[in-house]
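By written order: A, B, C and D. Residues from 1 in each chain.
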């Protein structure tokens, strides 16, 4: 075992792993994290704690991860390259390890200009760092864990034991280069990979074929990303505006039909779409898990944690495995 | 030289008609060494175009375009304009004609008249204005329109109170107000007119047109219902200088109409009641008028009632689409059978048949009749005078293969007298006839033109300014509003001014002599005249001071008439103050004026023609006959281009024989060199001085370039073409017909607009309708049992080609309209084909079995067009055809001087039009090549290399490509190409450019004076 | 070429309003080419200040001038005496020029009239683009001639992030994804396999992160060292 | 994938610009009361070929306009420079009219 985390154990057991997502609040109040952790507990093997997602200031990933851990939910701390240089990163990683965190997902992070999108003022004028990129961060983490060395070469008395994760956008451009870039992440030391949300299963299948041809799936655990759709509008938005995500038209049509069949009552239409969304999510989970080389799913029910039990049960992924010795 | 002496050919040309076609021919000829006598029936040149408000499809102001041209003709040393004149007889032959011209009395002496117009203001007799189409009035002494050339008023003796009463034998003098008003003494009631004779080498007929008198068709209500107007009246209504000052109003009650209808084909395409031909321009001008009307008043809802939308010209279909989609113009395919007025409201009820046959009554507030063209009433007499044959419709008889030659050698025709056409086609013919005359009279070139001998220029550089100021009364035009003496007083002691005085008429002949005296006596080195606009009068005074030995750019004109006294009448004090300010501005500029040396560059008298199709060969022969060396570069291994696939014209001419003879002429002409299987590798240089290297290594020096790169036929991908051997193109059918390979009793279904008039090729290929009609007629004439269907969107047999459309119908060819949204479907059926189409007349689907499906495939620009365009930095339109310098008045020129275009490379066109444009390009090139040296204008940007940072700002913005990257890798400036617009000077961050006479220091000096705080009027 | 952009006039006015005699000083090299700070723009700014001063009723003498470059002393030293008669120099040179002149002008303030943006190319008239960030350690040979430091919004070194959207960067549809361009260009060059290798964390000390930089030509350095030796 | 959280909820498509980073270009002139009967002093810059010709035509047609408009003729409005306009304002003109 590299880290001994629950997630690592589930993956090692050969059973499909399930991760979820928990977004910390723009608040100093721990209750929201605690509440969400309670909802997710038992319905995933670990939950990603986002790191100032969309560059919006929130409880830090490490602090929120510790709050979740106290509730008995295993966190995956996320670390972006946007806000810290390699000194701060390594210091935070040591601290996180000292606080008992065992999983870390290394990502580039959204550009600070994102923070001013939508209704928030954000900090578009902030200076970004990007001292290292996500692949280099994976490498740093691995070097710390496996060689007990800092990036600069200084020795660590006790190495932090992390199960190292990275992200993969199979539908991102340039598509033919993406598997090679994934290989770089894995070569750098990524133990598990979470993908961008998948609606176009055929596209993912063909990308996975290339991934398998490069032998990547044997060196890492790939968890397919599932974003539970809530409405036809959301699906359309994801299709048109979210990078690396395309939604096949039949799926949108299906959601549209659910909405239209519900008639003019807005509440009914919302419920009908949510019901259809859960069905779609379950189908996607099943399709993704059938693809060779996929070791689990990363299910995101954004601001809708209560959907997780229903989905997992319907997908036959409940209950989650437990390890008595842990 | 010995050639010139031994020839009895004359070096002068008689141009009959002063419209845009005649003007173009005259300028081209006079600019290339020929003396021109222009004869114009009306008191001013200008013709029809001056009456138009805007032109299609660009919406340019018609007067703004033509007015500078009129001024140019009016001032040209080698154009003699005879207005109120008619040719009464012509004798002699090609090369040497004698023509008698009768000049009607004008009653105003042009030598004395200054054009001030005071007589007109005083004349009490109002007459309905012909120019404003009876919607407004003029006086009995009048100028046809404000910008008239010559600017001499004329008395209309049909109306003049004095002349009419004298004719009736009145004992007492009546009126004579004009005579009293004229301070110049130019009125001459005893003018009897005169007859003169000119001896010319060639005659160009450009008499223009008449318009159909729509009153003949009573059911349309013209003349009966006041709110029914003709399209020309509507032009005047739209014109900002027209009777309603551009406000769209109804003549009956000044109400702003909302619903306005245009009725097409009034007097055209109607062999029973009116004229059988299509007038070619009405569809487009109705579209233009509806757009402009809508721009003037957005509440207007235009509707155009038409039979076929004939938007066949370059970018016309796009214009119609814009009218539909952006302006909401409604196009209603229907014939209006009658119009009646709704009593009381003045509204008009139109009755028309919908396509399904049902009758509809619809009310409009105003109706515009799109009246067509016809030859002048006296066209038969006119033809007799010149000894030419008219065609059946009394237009001049020409042949498609010699489109501007009449039946009498040496007599050429241009414009609407040759057949209905629009402005650019007329201008093209104008240059084409000029080219023909140049070729005919080449050895007499320069024998009759005048060149002025000038005294040497006085050196004034470094001298202190010694400015003379002359303030003009212009009779009372200026003096009745501006206190001229006060102006003189206010400026006479300004720094640099050594002498200031006033004068009654600054522009009169004796004042010119006074000025010359003053320059000498007072030792002036600069002159400021305060009178009228520099746009018309600057050249006159410049010439005067040049005669006095001063550089002509040491002159400035202060406009205190058009821009002061005339627009501030009744405000004497204010106007006087402003006049002083304007004169002070001119003086401020004058102080900083410097003599400008104008350079000249030599000209290589040779032309390079790229493309050896019919356009290239025609241009080559014309230029070679003019005496210039010509090189034709043809990519293919043989000459001929697309015409090689043609057998006969619509009119029946043998094209193969024509092509063979043309190739023979080109091959045997001593002045033409042909390079086949060759392309241009690169060209360098500028007008008069190009150097070209061909792919075979040949180097050619030449002074002009004509691009005749041609087009290609679209190869259809639709309607099972290439999938079934029963589906052929018109061209393939033509070949079968020529080879007599057509079988008796066959059925042909022709489909029009294949690959045309649809995005991304939203343009008409112009020839396909004629092609279909031509082949259909050929089939039916050979085999009456054959059946021919033509499936069309709009039949566009414009002009006199309409006859053949009629003939086809008479022969039993069946025309079925289809809509672009419901295109025919072609399928294989047994041994033959079947074509399904919707018939809008029967309102049901037709399923036509066919032995042959014939596709009317359109044109595409030749693939080399892009490369050639890049090589010569000439732009192309969105469809890939070369874009001329100006779609109306410069149809064969490019913005870069010395480069011309002809044929399909410019736009799809018929063979006769290609030949015309080729002749025109030869005419235009001939103008350049006939000069030993080309003068560079004085008003150009001067580039200072020492200040320049080579930042490329100028290089990128110059519309004429005059800045370039020199051999040293830095920005340099080619003054030959410069037009002096000054865009470079405004953008240059280093201020390395200054425009002569518009230098920043001069402009700033004017600004400072213009806005400085008002002081009281000196001496006032 | 250094690209600059004129400061908002309000900002300029607030800088200059308390001075009585102001020289707007243009620089006729880089910033003139980008129409931001040459002598011509200095003239325009001077005129605007005069108009504003008249509006506000503030007595102020404002003149303009321009010299070839503000970043080399030989250009401005001959004019220094006259320049020193002003209370304020508003330099429309790039930041380099402002610094440089300021250091050498004694007790007269030199304020910036433009914002110095970046060094850029001029793909067409009036358009300037940033292609190089001046990091001091060029890797263009590894990235198909397109710099990921300057042209990726995140200066990533190992390929495009998940934000690439239809070839554009996640920050704006107006901005090309630098890495998309790099991959496409390297495909074209047939060298895309160079992108399969991991780029290790960079040494940023050659960039601004290493403190203010100085480049000294080798033979000058030798001379400097000799001088130093002599002195010690 | 961390682009997702607020994606559907918060972001309006295509609005990731640096809005607010750059302030609007401010006017150098203060708004003022317009005195009664005030006649502005106006300087027109006119292209020789069109607007200057139009000014001539206005005179030919005897169209009347206030005399406090003066015209500076340019070979083309493309020749108009910022400094020409500013100079006019500096010298106290109330309005500039560029026509071409």
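By definition in this document, contacts are C-beta pairs under 8 Å (C-beta built on N, C-alpha and C of every residue); 3 or more make two chains touch, one makes a residue touch a chain.
Since this is a predicted model, take the numbers as computed values, not measurements.
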When B-D and C-D are ranked by contacting C-beta pairs, first comes B-D
Quick check for the class: compute each chain's Cα centroid; which one is farthest from the centroid of subunit C?
B
Separation of subunit C from subunit D, taking each centre as the mean of its C-alpha atoms, in whole Å:
30
CA centroids of subunit A and subunit B: separation to the nearest Å works out as 70
Can you give the whole-Å distance between the Cα centres of subunit B and subunit C?
52
When you check subunit D against every other chain, which residues touch at least two of them?
1, 3, 14, 16-17, 83, 87
Subunit A residues touching 2+ other chains are 109-111, 113-114, 167, 169, 196, 241-243
Counting only contacts in the complex, subunit A reaches subunit C at residues 81-82, 86, 108-111, 113-114, 128, 130-136, 139-140, 151, 167, 169, 172-174, 177, 180-181, 183-184, 187-188, 196, 241-244
Can you tell me which positions in subunit B touch subunit D when the two form their complex?
61, 64, 67-68, 146-147, 241, 533-535, 559, 561-569, 571, 574-575, 577-578, 581-582, 585, 939, 980-983, 985-986, 995, 998, 1000, 1003-1004, 1006-1008, 1010-1013
Subunit A contact footprint on subunit C (complex, rising order):
153-167, 169-172, 177, 180, 183-184, 187, 192, 195-202, 204
So in the complex, the part of subunit C that touches subunit D is made up of which residues?
8-10, 13, 40, 43-44, 47-48, 50-52, 54-56, 162-163, 170-173
Which part of subunit C faces subunit B closely enough to touch in the complex?
28-29, 32-33, 35, 38-41, 122, 124-125
